[in-house]
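Read through the structures below before going on.
Across the two complexes that follow, chain A remains constant while its partner is chain B and subsequently chain C.
Our next item is the complex of A and B:
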């Protein structure tokens, strides 16, 4: 027995020694969900971008952690007077991980593929106004638009617009080949993905030599993995109630950043009784946002009154339109002809903002006479029945895409809001390049949907990142889903 | 003859939860549908005897309401198992060796071969989470248990003289099964029922724990545990109390089952006197 203990001790010392040695060039990153595939240009899952954005794939432009858009593979660009022609000047000497050169042909291939009729790109709307992509010379590419698109440079920074090569795109779902500072190494499905430093990177090389992404969905397991130091960084840590413990522990640092995630109680605008604006207003007034933020998120999150990120300079604070006022809510229900309230379904996807928030919201709605039947759904089920099937009364979800107020212009979108005025406004917005005018239009749109009480706007989701003390270079905010490791280093 | 000590202890524990569940119909210390988030995660004190949970609800009230859910689900599930399993077992014993016996018993083996909890998860996942589907799922797996116990016990009686006498008197098999065999195996069924009842409580807690049992706002011990998972290091009582409730309730039922067996089993009874 004693010998065994000694052996085990020796073994664990050896393990620790190697771990300590490896720490300076390797990082274990954990996130909640595993990506279904690794091709960001063909899948909608945020988890794909979390792994590949900036690490493996790069676009013509790119997001920084503060949400700004900066040059990526395009060094610079010229915009014609009428705003219809963008000429991108590509960086010289950029190669894909398989050794092939990245040039104007690849850009043309990428953009043509994304906007093609049979494209499986999850965000085809980003490319909708592109009329033609022309190769001028290997390092110059011209994008012609059918209508001025003020947000083109922003659109091209999305993970769905990264530059891919025709030679390697066939394998992208399982073996992504991009131009980034890291190369894909291997993927053991259900367990981890390894990436390693790209020695031929065109820009500042990554500090880390290798990194591992692990997927830990269960909050208890996430807590244990961090405490045992099995993972060094957890992006999107799922249990906000544990954050004070990590903050108090000198081994860890906690970063709380903002996201583009408008967390809303979505109402089925096409279904009775939510087709009545009075009922929607009653729901909005029945909800105590602060109680939801405190109860479900332990205080993490900024209240919002419309579908817009509060850290965006164009945000208008409209929370005053939907203050917590149960009396008013009951009066509105009576005015809508439902003095005794009604019963509806509340479909909840797995994240705690939905499951816990749902329990709190159900209690708040019950207080004004609205009974809810809670259905806890897994993501696949939620996407199938609630999102695509639109079979729901109420649901809670966080819309993490950046600048996605245009979803309100799509009457087919799951909450089925159909307002021609807003649709016209969004078309105008798309064609406007003047920043001041864009701000004005965006603010008008925010006000319209808030005054129409399309959905009940709860809070902007915060993203907590728990990391080992001393690790630097992590993104604080999540302007897009990304775990950019290119600047990450150990002390 | 004195009552076995295990029976007394078991009955007391069971009565405690049963009493709490019954009391919850007329009174609980607080309304569990009222959330009081500023007062969440309070440790047990004079105001909230068992503290408050992550949404500021009174845990004692939740335990009482949860006991109601657990007991109702387990009781109905045992009811399904007995209601279907016992007649099947009696039939199989009465027609021992016949094709019908084979069909019934092999059918039971088939259900028995599946891991019960996994199938219960499948049933609730397919037909939707909720207390009623949990009852059906748990109930189905009680059927073969009762069928087997009934058949085994009944068989030993079919060769006894008094049954022979009843047959000579012209009673048919069904009548003999109900009038003579059932009363003689009732004690075994009661003991088995108690054990199955405790397993039902566990199964209900397990299903609710993974979110397939009773849905909120219905209180359920399993869901209380699941909710408390990440809070165990901050407010241990939130996890400990529902966990203890499950343990004590199941322990109580098992002790009671053991005690009842000691009390009712004729062989042990003879040995004692």
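Our next item is the complex of A and C:
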């Protein structure tokens, strides 16, 4: 009898386990913003990449969660001696979700479309050095460059460089067709997007059968949705103040990863008084980074002393150049001929790092005599007046593009830093493919912009993910905006 | 009655034309370019120009206004810049959430407010009246988003009776859809019901002081009979005005509630469209809402005429 009970118990456990398993081939993922459309090659919105990158669309190369670049649809490649010709060998047997074959013609179409005259690719600059794309045979494609481009393989890993097919690109905004491990299923605008496993995937198939992306902008609603177990994973959880509560709850796990977002207090280098390096240095010393991180981000974020991601192996810690020292700051202002300080504008875009951080920074600046007039701006307004119009004294923004130190070589860029030495250095860097030499050049560039106090470098943005306990395979870090579900599984 | 109706109809058309001009001008004047927003900080100027051309933003504004109004007359609201889908389809998709939500909230408002208002008026100065007035005072004072959060915490997080938000669509049956709208409708309805109950009560009390009620009492009706037979119907005129305004508010004013319950309704659409400068969507949705308010007011005007025969003659 006892054996029978055990058997029955074992049986019912097995039944229960399989029922639980059946439920656990689906995951509900939430993020704050809804993508405006689903074509990653025609828009800058990170939400597009969050949904489609790696899940639906793949590029010749791809990012891993640790930021490394690995082969994607290109199995391997050869680089010519002069660094001007890249020959990509494509994987065999790759098909798009509509059944058509992915071959060299599609690669040529994708790259030519992105760099065309009338291209609407948000990152067109990534393709600027490509002179010609030639199809050698269906599985071989040759990319000829006008100048050596050390970052080409890295550039091709971006969501803006994913391979698309001429047959399906017209509908990509609402019905994306890629080569990824998941296929687009349906999109109820304003509510959710469903994706389902691609049975004909060329690589390791996804563990999940289906996944739903939901869009919850309101922090309180985000908290309730997780607590009610309506969503299983929230990437970019918007209320860091609740994280300890989730950490203490055995139903959840909290992952805090890094991003490529250098959050800076940008200064208008072309406008008085910020055209004076002493004033910029005074601003840098007036700021207590840790207070900003603790006050605005509830402790999430790594202090930075230059415009470079701290988790990158080439990073140099230069925070020592701009330690919190209000006395020094006041002395520098006096030396610059502004002993009584001055008044300037501080334009703040919507994210909490800017709005909350801005209040704290305004108080810190006031302590050394710099009065700020805070303007809260919506993104569209910020882009038009602050970014394009360059009508600002100070602004806070997180530069989320990976490896974007080259923006300092563009004197037209909104903070208008014009240093021919750095511009020459970046040109050399572009033409350098030797990794050791690239490291050296990158480190020089970081030091130059830190010593020139171009901007006040605050912290590297962190991304908190709250997930149900036991879910594995989620990206910890966000080297590019992506919620890659291809390896995600329930226990 | 015909002259009255024609007069109201003319005023309706005029309001619609003026509204379309004001909406277009205001939306176009606000700084922010949709193409620049979509392409972000790394976009080159020539890319932004290419996208502007693709979206038809390089066409002169007057021409765009005329195209937009001419399209609307034929039921074509244009194409969204960011979503790249027809705006009329987007509005229809969102209407199937917002309209039932507004109707449900309004029904709840009326169901709560009428009995509460009539009860309070009939118990004037007594404990029941004080109780209703106290409750409505609280209802007017507390904002609907706060109610919404409390409802979510109690019914979704703690009791787990309903989900915290989202909308399953009507395709899965009527009940799952209604279930998703119950909490938002209650949150929307409570403050409105409080307002309406107060209006109902004071309007009734005004009527109870009128001569015709005294006459009714004099011919032998009890206070309660006079209230039900003569006062309630007459008290409905100000109440109808408020209901008309409330319906417009519930339809357009669900923005915050739709954010809290992440419902795919019109409010959320307009919120997203404003932040992404999807001008054509903003213009069309606002125009539609304004149009609805104008039409609802028109309907209320006609309802007055039905309730109050004097209006028919006077006009």
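The working rule: the second predicted complex is superposed on the first by the 468 of 491 C-alpha atoms of A that agree within 3 Å, B and C clash if a C-alpha of one lies under 4 Å from a C-alpha of the other, contacts with A are read in each partner's own complex, and residues count from 1 in each chain.
Keep in mind that, in the parts below, contacts are C-beta pairs under 8 Å (C-beta built on N, C-alpha and C of every residue); 3 or more make two chains touch, one makes a residue touch a chain.
Quick caveat, the model's predicted, so the values are computed rather than measured.
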item: Overlay on chain A: chain C relative to chain B, clash or fit; value: fit
item: First (chain B), second (chain C), both or neither touched by A:220; value: both
item: Partner chain in contact with A:122 - chain B first, chain C second, else both or neither; value: second
item: Which of chain B and chain C A:366 touches, first, second, both or neither; value: first
item: Chain touching more of chain A, residue-wise (chain B, chain C); value: C
item: Partner chain in contact with A:291 - chain B first, chain C second, else both or neither; value: first
item: Contacts of A:45 with chain B and chain C, given as first, second, both or neither; value: second
item: Contacts of A:374 with chain B and chain C, given as first, second, both or neither; value: first
item: First, second, both or neither for A:241, with chain B first and chain C second; value: first
item: Distance in angstrom between the closest Cα atoms of chain C and chain B, superposition on A; value: 7
item: Overlap of chain C and chain B interfaces on chain A (superposed complexes); value: 220
item: In the complex, chain C residues that touch chain A; value: 30-34, 36-44, 46-47, 50-51, 53-54, 82-85, 90, 93-94, 149, 152-153, 156-157, 160, 163-167, 169, 259-265, 268-269, 272, 274-278
item: Chain A-touching residues of chain B, taken from the complex the two chains share; value: 33-35, 37-38, 40, 54-56, 128-129, 211, 215-217, 227, 229-231, 233-234
item: Touching residues on chain A, where the partner in the complex is chain B; value: 219-220, 223, 239, 241-242, 244-245, 291, 294-295, 356, 358-360, 362-363, 366, 373-376
item: Chain C partner contacts - residues on chain A that touch it in the complex; value: 34, 36-37, 43-45, 117-125, 173-174, 188-192, 214-218, 220-221, 224-225, 227-230, 350, 378-381, 383-385, 387-388, 399, 401, 404
